[in-house]
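The same chain A turns up in both complexes below, where it pairs with chain B and then with chain C.
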Partner chain A sequence: MDNTLNQAEVEKIEHDLLNHITHRKKVHNIWLGFLLLVIAIGIFAYYRQLRYGLIVTSMRDYTSWGVYISNFVFFVAISLVGSLVSSILKLSKAEWSTPLTRLSEVIAIASIICAAIIIIVDMGRPDRFINVLIYGRIQSPIIWDVIIIATYLGLSVLLLYTSLIPDLAICRDKLTTVPKWQQKLYRILAMNWKGTPKQNAILLQISTILSITIIPVAFAIHTVTSWLFSTTWRPGWDSTNLGPYFVSGALMAGAAVIVIAMYFLRKSLFLKEYITLSHFDNMGKLLVLLSLVYLYFNINEYLGPAFKMVGVEGEHITELFTGKYAAMYWLVQIGGLILPIVVLIFKKARTPFPLMVVSFMVILGAWFKRYIIVIPSLQHPYLPIQDVDESYLHYIPSWEEWAITLASFGGVLFIITLLLRLFPLIPISETIHEKSAKNSAS
Partner chain B sequence: MKIFVPYSLAGLLLLTTCLNSVQAKEKAKIGLSYLKTGAEQRQLTVEVKSRMDNRYQPVEGLTLGLYLENDSESELLGNVVTDAKGKGILMIPSSFISKMNEMSEFNFVARLEDNDGYTAKEKDLLIREAFLDVDYIIRDSLKLIQASVKEKDSLGNTVLPTVDVEIKFLVERPFSRLPIGGKYNMLNKEGKATIEFPDDLPGDSMGHISVVVKIEDSDVYGNIEKTGDVIWGVPTVFDDATIKRTLWSAGANAPYPLLVLVNSLIAAVWGIMLFILIRIFHIKKADN
Partner chain C sequence: MKKTVNNRRSFIQFGLTSGALMLAGATAFFQKIKTTSASTEKVKVLTTDGKVMEVDKAHVNEPCHPVSRTLARQGIKGKKFVMVVDLSRCRNARKCISSCEKAHNIPHDRPFIKVLRMQDNEESSPYWMPKKCFHCDNPPCVKVCPVGATYKRSDGIVLVDNERCIGCRFCMSACPYSARVFNWGEPEKPENYNCAYSPETSTPSKIGTVEKCDFCPDMIRENKLPHCITSCPNGVLYFGDKLSDSVTNGDETVRLSEMLRDKGGYRYLEELGTEPNVYYLPPVNRLFPFKEMDENDVSQSEI
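This part shows the complex of A and B:
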């Protein structure tokens, strides 16, 4: 450990950043209880879906991918935040992002777990999921998606764990008042960490390899997800632009999620000294940059088909621009994309509360964007069924679908909350190291 | 009066219970059909449905007796139990076949006895015996299929041609039977119908084709069917496209470049993860 910080300063940092583990508030338990209630309602709805079949949903032969799949795409998008902050910003030496790395890794793991679960929920016969692994065709993008999700989850867990090791050693040494099982957990997971030069060298090697490896895998996970659509013959999906369009949208949504998490955790865990105004300012700028990239791909995505207005593709565009999905479409494009860019150009908007509100708009826009990517396309097949049943032409999710969707959000927040109850939110060791380096530099 | 009231209530309760038990019984709708595929092979099929949720639905697990009746006696051919589709099939036992061969008409009865769930019901089916013969003829390079149908007169003494009955000619295909010949093929006054076999039908690798000639759902004769095999098809050269390594073939036939690419990527990334795990254990050992 660097000696440029005195013992009292080090202890203060450790105390500040471990405080939320040792001092649990009643409100945190109420929050967990609330999440469990939301999850329980979702489980009941899923029980009904298993008992009576997918008929309890509003999905029919046309809209066979409903709110579950749009939610899955949203969670996959959010999971990209882990690679954005922990790898891209870290490798580009953006040291200001250090307090946000763990938060982004935790969000990535929670959302990818729930994305995997929601795919199984979407299956009419989940007991047959094992057949996907046994008899899956390697030619199918669905199999690629299964492989890449498992790989990304494995890498994300490793990324979180390896960055945690020095902090786990601090937890092992300092948190002597926590329950025995928790102490044992820290002892086992800390891997005899003592900060020896050899241990530091191995950890540096591991973190560098992981930071580099996770970037192509992260890009692949959302690109492969986009291929699920682009390899299916439907209007709106028949596009070579879909891969980068999905990835850029995911990075934007991920950045917005980080801002919202920063805002609430900074307040509730008293971390104003560590998550500062400059973090919000930087994240605001990053959000503008990512939104501009996403806007570029949006223009690419819609301009061509809207200019040509060919056949069913034209019908699809008309439905989005002026039809029954127009309100949602324009709210998403203006409220969730253009307005945030315009607003966040101003420095005052890049302060915590306005930035949180704008990020919330971005997230809302991102979720509904997935909805309008999935649903309207399915309602305009190239080969429509003759005398099709009226119910196939509309899709309004049933209460079971909404309950399960909300439960999946509850699941993400539950996993995040649980991990943050056990582990430090801000990397302690790195914070001490960086503050020491700053002190010695000045 | 004091005694009258409780007794009246008890009586009313008993009456309601009885009425409920009577109302709870369902009425079954029975269908009965006959199929003859050879002199020794005849079968009866029953189909039972009942009105539930405003539509007729198959009834499973009902036992029905199938009888052969004439003016003086009723003989039990056998019992059938309906399956999930409400159907039950009885192959007529050989002990009855010789007797039936001497008759010109059969009166079959399917009988459902009164039980806890359904009221008694029966359905009868009167069938006149007919004999179907099929000849496969090659004449002037034309391939012809000729069906002849005969029946006994009502006394069972003389054999007469069956006339003005529709007869179907079909060939077996992988998923269903393909009709051949004209749209309607009627038996002429000699009891015969002839069709020309198409010369462009694919057969197996040797050109074998299975032909089915049948009288279907006739009110008088029921179903009569005869199957034959001819080598009149175009020999099919087996198309091995489905076993070629393509993007759209089965998983076992994935293209090699794709297999190499995907497996290399998986091996590379999971190899790195394995390396990381090993290095994590090295951290444990490097504590001094």
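This part shows the complex of A and C:
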């Protein structure tokens, strides 16, 4: 590199950004221990489910999909963030987003892995998972989903890995105090990276191809997930709007997740110099834009049916607007969508703490929104629900379902934490590169 | 443990192929059965050489259904099964439900048949509508099943293979008629039922898999009518072959096309394009005035 940055500056950047790998704080271990505990409780709940069957959940005939499926949709949504930041923003030359790319890729990988696990948890016969490979019918939207999730996971891992290679080489060269196995890991993964012009050219080409291909795949993963619903006749699902509605909601939730991660990591990993106030300001603006798009699709989704109020579709709308689910529905729509748009228009709100709080509301809203999409629809079939036990008419998730759902959050955080223990959160070589480019420009 | 069960099953299947009611003779058989028998009730049976004998009831087995899972995918050649439900005759006797439960060893909480109280609008009078799987020609459940555990046969019947089902419940979400039920927990083992599983009998049920009305292909193969048809005291349900254009409720046999034409036959939610094979005759000129369900009726037939 023909640095316009001097050696000391480069070393400072390297030191700062590797710091969180070499210096572990006790609180991080406690955090990992806590996550393991949450996961362990979830595993115990799942053990009960394996033993007694899905009867331990509150799902029954009629409400035959519950919080597992809505949580699955949530995590698929979150996983779109990887492509949002590291492809869409990167390709649109939004340079400010560079420090956020790795974070978004890590979050994407963690949540797609957990989404895949949740879908297996939802199966009545997980022992027969192999049937999906033996007897898979390409006509079934579930098979489409399996294919696209596997593809997206593969691409995301590649995207993360290729962008990591130069940094892995730095880790290999600089981190001589870490345990032997870790040094070996860096050595193997860095694949003899020397930063020669030829290597750089190849890497640039690969990462450009990857970040372009991942966009349609990311859109597909959530569109296909929406088709699991829109290929049926259920009220609320029987809609041609569902694909873009899901995708736009996912991008909004993804942006909010990034903000929350930024807020906490910046503090706990001492990265205030690299994740700056302008990042928060920019993410805040992005969040408003994405929320507005989502609002547009929301209006499309509900206005037509609410205007016509046809049969079961009308019953479903009534249930959401004024019935059993009204409180949840309006909290989600106002607290998780309208309010964030209004609040974030003000510059003051786009500073770290308020933005983090608003993002939290968006995430909470996004989670419950999926609950509202999945569950009430199942409770309004064409034929009346009669002759069944009282418990079939309601659905309140059992403790096992909550424990497993919480464990899935624990799992996502666990994977993120582990990855951040091994790899630099902020792309080092890119940071150096950009800084020197800026210096030479000025 | 599992092995003995399988041995017993295959033994019984072997015995069945002789086609007659089984009479416990061989010592090995006695030994197998003795372990499970506790009853002292006697029944008369006819041996293969024509003699009448009295034996312990526990030693007599219902004939097992011989159709394998592979054969059960093919359907009965040259047939296309249909059902007609005459709503003007139904008075919610619920005998179809109980006979179906008995035949398929299913508990009350996941019936294959429901009798629904329907009312099309405020002005018209309510009526009872027996509803089971419609065995659609364009079945949403078959389309969505990821593993082909639910399938459509050449004779029009839609079946579930509970040894292939992965329990994803997509078919339950897809079915607009809520025809499917799920084994959320471990189903109770049917008593004295030693036959192997076949999708044609839907018995025994398995945990984590889906089930529904199967049109009783095991009965049809023996030239008998499905259990619900014969158990209805009011002749509401007709069953037959569309290709030979005849349906029967056990008492009378009629031309399907004539019946549908003359009585205004229709299919429920025709507009969904699922092409059901169950037709309804409208609840006009009723045999019984509508009576709300009596608590006692329910307790008798349901609990």
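As a convention for this text, the second predicted complex is superposed on the first by the 437 of 442 C-alpha atoms of A that agree within 3 Å, B and C clash if a C-alpha of one lies under 4 Å from a C-alpha of the other, contacts with A are read in each partner's own complex, and residues count from 1 in each chain.
Heads up, the rule we're going with is that contacts are C-beta pairs under 8 Å (C-beta built on N, C-alpha and C of every residue); 3 or more make two chains touch, one makes a residue touch a chain.
No experiment lies behind these values; they were computed from the predicted model shown.
Per the definitions stated earlier, placing chain B and chain C onto a shared chain A by superposition produces a clash between them. When the two complexes are overlaid, the chain among chain B and chain C that reaches more residues of chain A is C. By the document's definition of touching, of the two partners only chain B reaches A:Gln199; chain C does not. By the document's definition of touching, both partners, chain B and chain C, reach A:Gly136.
By the touch criterion stated above, A:Met191 is placed in contact with chain B alone, chain C being left untouched.
Looking at the shared chain after the overlay, A:Thr213 reaches chain B, while chain C stays out of its contact range. In the superposed pair of complexes, A:Gly311 makes contact with neither chain B nor chain C.
Of the two partner chains, chain C is the only one touched by A:Asp122; chain B is not. The superposed model shows chain C running into chain B at a single listed stretch; among 132-140, 168-176 or 186-194 it is 186-194.
Residues 135-137, 139 of chain A are contacted both by chain B in one complex and by chain C in the other.
Chain B meets chain A in the complex at residues 247-251, 254-255, 258-259, 262, 266, 269-270, 272-273, 275-277, 279-288. Considering their complex, residues 52-55, 57, 59-62, 64-65, 122-126, 128-129, 131-132, 134-137, 139-143, 146, 228-229, 231-234, 378, 381-389 of chain A touch chain C. Chain A makes touch with chain B in their complex at residues 135-139, 144, 147, 151, 154-155, 158, 161-162, 165, 191-194, 196, 198-199, 202-203, 205-206, 209-210, 213, 217. Taken in their complex, chain C has these residues touching chain A: 109-111, 114-118, 131, 140, 143-149, 164-170, 172-174, 176-178, 180-186, 207-210, 269, 272, 302.
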